[in-house]
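Chain nomenclature is as follows: A, B, C, D and E, assigned in order of appearance, with residue numbering initiated at 1 for each chain independently.
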Amino acid sequence: ASAQPITGFNLGIMGGENAQDRMTSNECYRAAIEAQLGVPVKVFTPADYDGVIQGLLGGTLDMAWLGASGYAKIHLTDPEAVEPVLTKQNMDGSTGYYAIGFARKDSGIASIEDARGKSFAFAEPNSTSGYLVPGAELAETHGKLEDFFGQVRFAGGHEQAIIGVANGDFDAGVSWADGLGDWEDGYNSGAFRKAADAGLVEMNDLVEIWKSKLIPEGPMVLRKALPQEVKDKVTQLTADLHETDKDCAYGVAHGEAMDFVPVTHDAYLGVVAARKLQETAQ
Amino acid sequence: MLAVQNVTRVFSGRAAVDDISFAVDGPAFVGIIGRSGAGKSTFLRMMNRLTDASAGRICVDGRDILALRGRDRRAWQSQCAMIFQQFNLVPRMDVVSNVLHGLLNRRPALATLFNLWPRADILRALEILDRLGIAEQAPKRAEALSGGQQQRVAIARALMQDPRIILADEPIASLDPMNAQIVMDTLKRINVEDGRMVIANLHTLDTARRYCDRVIGMRDGRIVFDGTPAQLSTGVARDIYGADHSFNEAATSTAIPADAIADAAYAARLMA
Amino acid sequence: MLAVQNVTRVFSGRAAVDDISFAVDGPAFVGIIGRSGAGKSTFLRMMNRLTDASAGRICVDGRDILALRGRDRRAWQSQCAMIFQQFNLVPRMDVVSNVLHGLLNRRPALATLFNLWPRADILRALEILDRLGIAEQAPKRAEALSGGQQQRVAIARALMQDPRIILADEPIASLDPMNAQIVMDTLKRINVEDGRMVIANLHTLDTARRYCDRVIGMRDGRIVFDGTPAQLSTGVARDIYGADHSFNEAATSTAIPADAIADAAYAARLMA
Amino acid sequence: MTAATLSPALADTVLTRFARRRLAAFAVPLAILAYLAYAAMAFDLAGLAGRARMDNAAVLLSDFWQHKTHVTRDNRSGALRVAIDGEAKGTYPPDRLPGWIATQGDATRIDLGQGHVVTYDAQGARYEVPGYGLIDIRPQDGGLHLTAPQPLPDWINASDSRVSVTTPAGRFAYTRSKVETFRYQPGWALFFFTLDSPFHYMSWPEIAASALWGPRLDSGLPNVAAMARDFWTNAMWRHGDVIWAMFETVLMAFLGTFGAALAALPLGFMAARNMMPFGALRFGLRRVFDFIRGVDGLIWTIVLARAFGPGPMTGALAILLTDTGSFGKMFSEALENIDEKQVEGIRSTGAGAVQRARFGVIPQVTPVLLSQVLYFLESNTRGATVIGAIVGGGIGLLLTQAIQTQKDWEDVAYYMVLIVLMVMAMDSFSGWLRRRLIKG
Amino acid sequence: MAALAPDDIRDAYLELTRRRRLYGGLLLVIFVAMMAAGFRLAESRNAGGFVDGLPMLLAFPSEVLAEAWQKRANLPGLLAEHLPSLVETLNIAAVSTLMGGLMAMGLALLSTRGLARWPRLTGLFRRLMDALRAVPEIVVALVLIYILGGGPVPAVIAISLHTAGALGKLFSEVAENADLKPVEGLASVGAGWSQQVGLGVLPQVAPNWLSYALMRFEINLRASAILGFVGAGGIGYDLKLAMQWGMGRYDEVVAIFALLFVAIVAIDRLSDHARSRLVRG
């Protein structure tokens, strides 16, 4: 509401890539915003995504690309802090990714029903695709997970969940992928692909047993208190990025994507609800 | 000049100094003797206002210095220098700086905090050190000096204060006989040449006899003797030190002994 | 029994012990005298194998103990006890434990590390302490004892070793005359009663004269005198200690002096 | 004299003492062992032994000193890509492929060494393994057809959608979409110059020659400067950014430590029993110090991140805050242990409170305080690594990121070496300073 | 008495003061400039400025406390729920202090002049300790987590290694100052190296070593809580989860934090007390 002219613009970028890689792949973007706004623009890449969230809540960061769960967290803490404006559209036109349930091929588990009474590994409690969404969906269809599975464990991360299942420490587990391409490649991107490429697991040994509904890609958010003119400029610049500077868009989107498309809070109602559910469940 | 009137100091119910009174007219060399715990240090500390008195007055030129507070008290301290048994110098600072500390009360606090002293002060400190024969030690750290040299630095600090009265609390107790003599001679010289009053606590009779114009004997906080050194007989000494105390003055003497006759004899016998 | 043959020890180019030879037949009390730096300590340390020799042989019953290595060397050390000027006890451990250390070489290492000693050993340690007159001190820490008592503990440790030879490196140098006498008497008694050889470095002539059967004088690493105490004339002593050294035997004497006549006289004068 | 004179009571006391000590001698190690056994159970050591995958560890850790080159053919487009660690910035230009890859029309021949040869061609791909035979894969009817000597060994993992082969010489994987060969080679690839720098293709003597008298490769710059620039801006290793990050880490430690020392000095005076007459204030301050220290820098970082956002200042402030607690406590203890004689000497000249502190107290405590501060400077350099990871600054960020993304283990090794060197340098620097200042 | 003429002394001293003032002033200016420039640099690279942020300082704590107060009824239950994690953290700290301490003892004895078993190798052991000390625990822990999986063991190993280096240095400094006379006394009766060290050195250094080890235990407690943040188990892990979740679990944050804080302060004070008693005798 109180739209004072700004003296600088701070951009927060979440993890998933090396800090330096993030810096470099966003350098063109930073320069473009700087040219557009006429104020110095700085990029911040905290290791822990809580760092970006605290920055947005405290008002020291003006803009960031977030995960869906991170956005939900900010919204639940302070609905007036940020607003979502754009999200990433994948090459197939979708704007999301999936949580994928999987097991060892030789375990005889081929569907989530087969995993009843077995041990099941989530990634970590704060992960959207590694726990929040699959936990909520599975609980909806199968009831209390502690009762449905023999044992519910947290592996500590996507990586550990995949390796844990491949090693037989858990009977089944869940991790994420974009759902594009082939299972045997570990899909086009996601945790499976990374593990397979690194030679940590052999995709032939694993089977997919479950797939979640589409989980929305995280939004690009802007601080609500920014002057409307600034918001418009940055949004416009980003929305046009795929048309104006293909290479730069590749860096900002972490890879191949079709476009950045507008998004509103409504797209995240599901994730927000899942978070609320978890909160009261514990 | 100095009038001590009914001064008392009570520590947790016991009087360390118990209603003492005496007066000194000119710039005398006053020695206070008495056994350990007699209240000698407590009295000197009250004079320098390091310890507060419980009752009584100490008048210097008619002004009761025990009543001074704050700035005035500090101003009095700067006129009344104190020399300690353990020298109480700042060991890690150099000799000249230690001497300059005598001026702390008279120079602007801020400048002193950065150890910035006017050139004239430094020159005066060097002069005083020269007078005491330790000018070559000037740039050394105080801790690098021998005990006798350190005590002379302490005296130099006292002189730097340009005091009316010098108080010395057992100034030679931690010195060897050689250095003790130098220090006492120095104090005496200051007393005679500059005409400053010196009050010294001493723990040996012979020193008191040799240097003082006037000797005050204390026991259990009270003055039990006040007179000239000549009046200080062995009987009086027994009184001061307590007769139960099997008294052997030699044991506490700091005089340099005559050649050990016995040793020499023994050696002669062997070498024969 | 003991034959020292051309033993030399060189420290950075200088010979601290320079080609010395002598032989001792029975369990004598041998005193080694000489001024500081003469090589006395170095020789004893070589005998105990704390320091290696540069050349020469020391034969004990025909075996060259300088050639021993590892276990054998430690076994020899356990038969040849050493008493140090500074006692070299473990100050924080109790007296009995310190005495028991004499057995370290003969008991399993692990057990000794856990301070596990057979009952018989403990009793024997107590007996030895009793013989030296300090049994009541047994449970105390070594550091709580006076110098003389500590030296007797060190002797008890040596006896615990049941050694054939006792080496004593200036055993009384840090003791007062009273304690010195007790310690030397004890060593002499062990020498006479048990028939163990004692070799003691001494820094005073009178002690050597009083206790030794045989005296060896060293100077600059060489033996300059070897004979009975009676042969030790002042001229010889001058030789040993160096004539340039204005020689005054009394200055180093540890004999308890006769009452200090001078002091007494002085005191009497004062008290009159 | 014999044992007869020895009082039996004494012998008894001594013997019981030894018995008690014997008990203790066993009890203490036993207690420690028992505790360790309990801890081993509590930590599930047995289960851990089963879970630990040393082969995975080997895969990960070999990356510390190895690099792998991906030779990938897209089976749909037929495009060939040769890239170090599969990264865009490590991709070889098609005309400057390494010598062990030969292309001829559609066919690519990859020599993995020791007789292992992989060939991609229009029909599919073949892998010749010495001592085993030929593995031949062809796509057929939407699946893969594998021809290889039977029975299949366990280092070949095949289904009709994916075949993968793992040999000591490298890894090979064929799926419908692509075929990929990984060759592992020791060394940190492209450490000095990346593939787009002309200097990458030179040997060391050539580089030296080029630096000294070679013709200018970049008309704007002398060759030495161009080399420095190419090294400094190396896109794979980013030496410039890394050095800057190290500087930022040291900066955080420096500001935090000395800032805390400056803040703690007056507070320490106020919390020292012999300097502060008001007991309540002293007690209050001490509890504040306890609180600040107890909370720990990491939590402070999170609290401060809300107010100041990410960045090195937040990290420095977090260190400053924590250390103010530690220094406050340590300084006040040092002040309580001072020699009062010096203060009294100054007091007797009529000096005021501040002057007494300056001359009576400070000279005594400086060596103690200084050595504590410098000791903290060194350990904060290590601490700033961790804090930096959270506030998004310094070498710590790079390190934790490289570990979390798991593909850049050679970067991890590089950063670890640098951190160890940095901490060692700070250690000897503070040791040097300590010796200089305290002696001087 | 005076070897030098008074004038020379005076000039020399005045020259000395001038030089001292110059150097002292320069040093002060350099230090102040470095602090100021460093701070400005850090601030310019920070997202928020110092002055702007100050009013926000309490925003986060008050948010947390407000929610915790609202849900204060949950606190006792949460405290009980996280107690096992606290015990795990304490165990991590204790085990790693023990193991690190034992390693440090060995390293210290091997690298102390005059005591070393192999005198030629002291330099090697010293460098080894330096290296162990220089590697931050978190680095080792992160790498080990990838090999061994999450849990307390990577933390124990990481902290133990660091402790071995840090304590080893302190231990060897103490041992260096130990009196060697008892050792020589033991050598003279034919004691082996282990006996000389075990009976001659350890009793002397034990109080100081123990005191340092207690101090280290305190430090390790913090370290193990921090390593929990990167997935090494214990109460730090619980705290991180609750903290990252944010709003909605702040009551849990407060409960965990209270547990951790009370434990740290209690141990801090206990070890302070024990140490002052140990060293005084």
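Following the convention adopted for this analysis, a residue touches a chain if its C-beta (ideal position, glycine included) is under 8 Å from a C-beta of that chain, and two chains touch if they have at least 3 such contacts.
Computed from a predicted structure; not experimentally measured.
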If you take the mean of the Cα atoms for each chain, which one ends up farthest from chain D?
B
Report the most central chain, judged by the distance from each chain's C-alpha mean to the global C-alpha mean.
E
Quick note, more Cb pairs in contact for C-E or A-D? It is A-D
Relative to chain C, which chain has the most distant C-alpha mean position?
A
Geometric centre distance via CA averages, chain D-chain A, whole Å
27
Distance between the centres, which are taken as Cα means, of chain E and chain B, whole angstrom
49
Chain A to chain E: how many Å between their CA centres?
37
Interchain centroid distance [CA atoms averaged], chain D/chain E, Å:
18
In chain C, residues with contacts to at least two other chains:
none
Where in chain D do residues touch at least two different other chains?
51, 53, 56, 302, 306-311, 389, 400, 406
Could you tell me which residues belong to chain A and also touch two or more other chains?
10, 12, 44, 48, 50, 54-55, 58, 60-61
Residue numbers on chain E that touch chain B, as the complex places them
1-4, 6, 9-10, 12-14, 16-17, 21, 24
Spell out the residues on chain A that touch chain E in their complex, using ranges where they run on.
10, 12, 42, 44, 48, 50, 53-55, 58-61, 73, 76-77, 124-126, 155-157, 160, 164, 275-276, 279, 282
Interface residues, chain D side, partner chain B - complex:
341-342, 344-352, 354-355, 358-360, 363-364, 366-367
Seen from chain D, its contact residues with chain C in the complex are 1-3, 5-7, 10-11, 13-15, 17-18, 21-22, 25-26
Complex contacts: residues of chain C adjacent to chain D
94, 96, 114-117, 119, 122-123, 126-127, 130-131, 135-136, 138-139
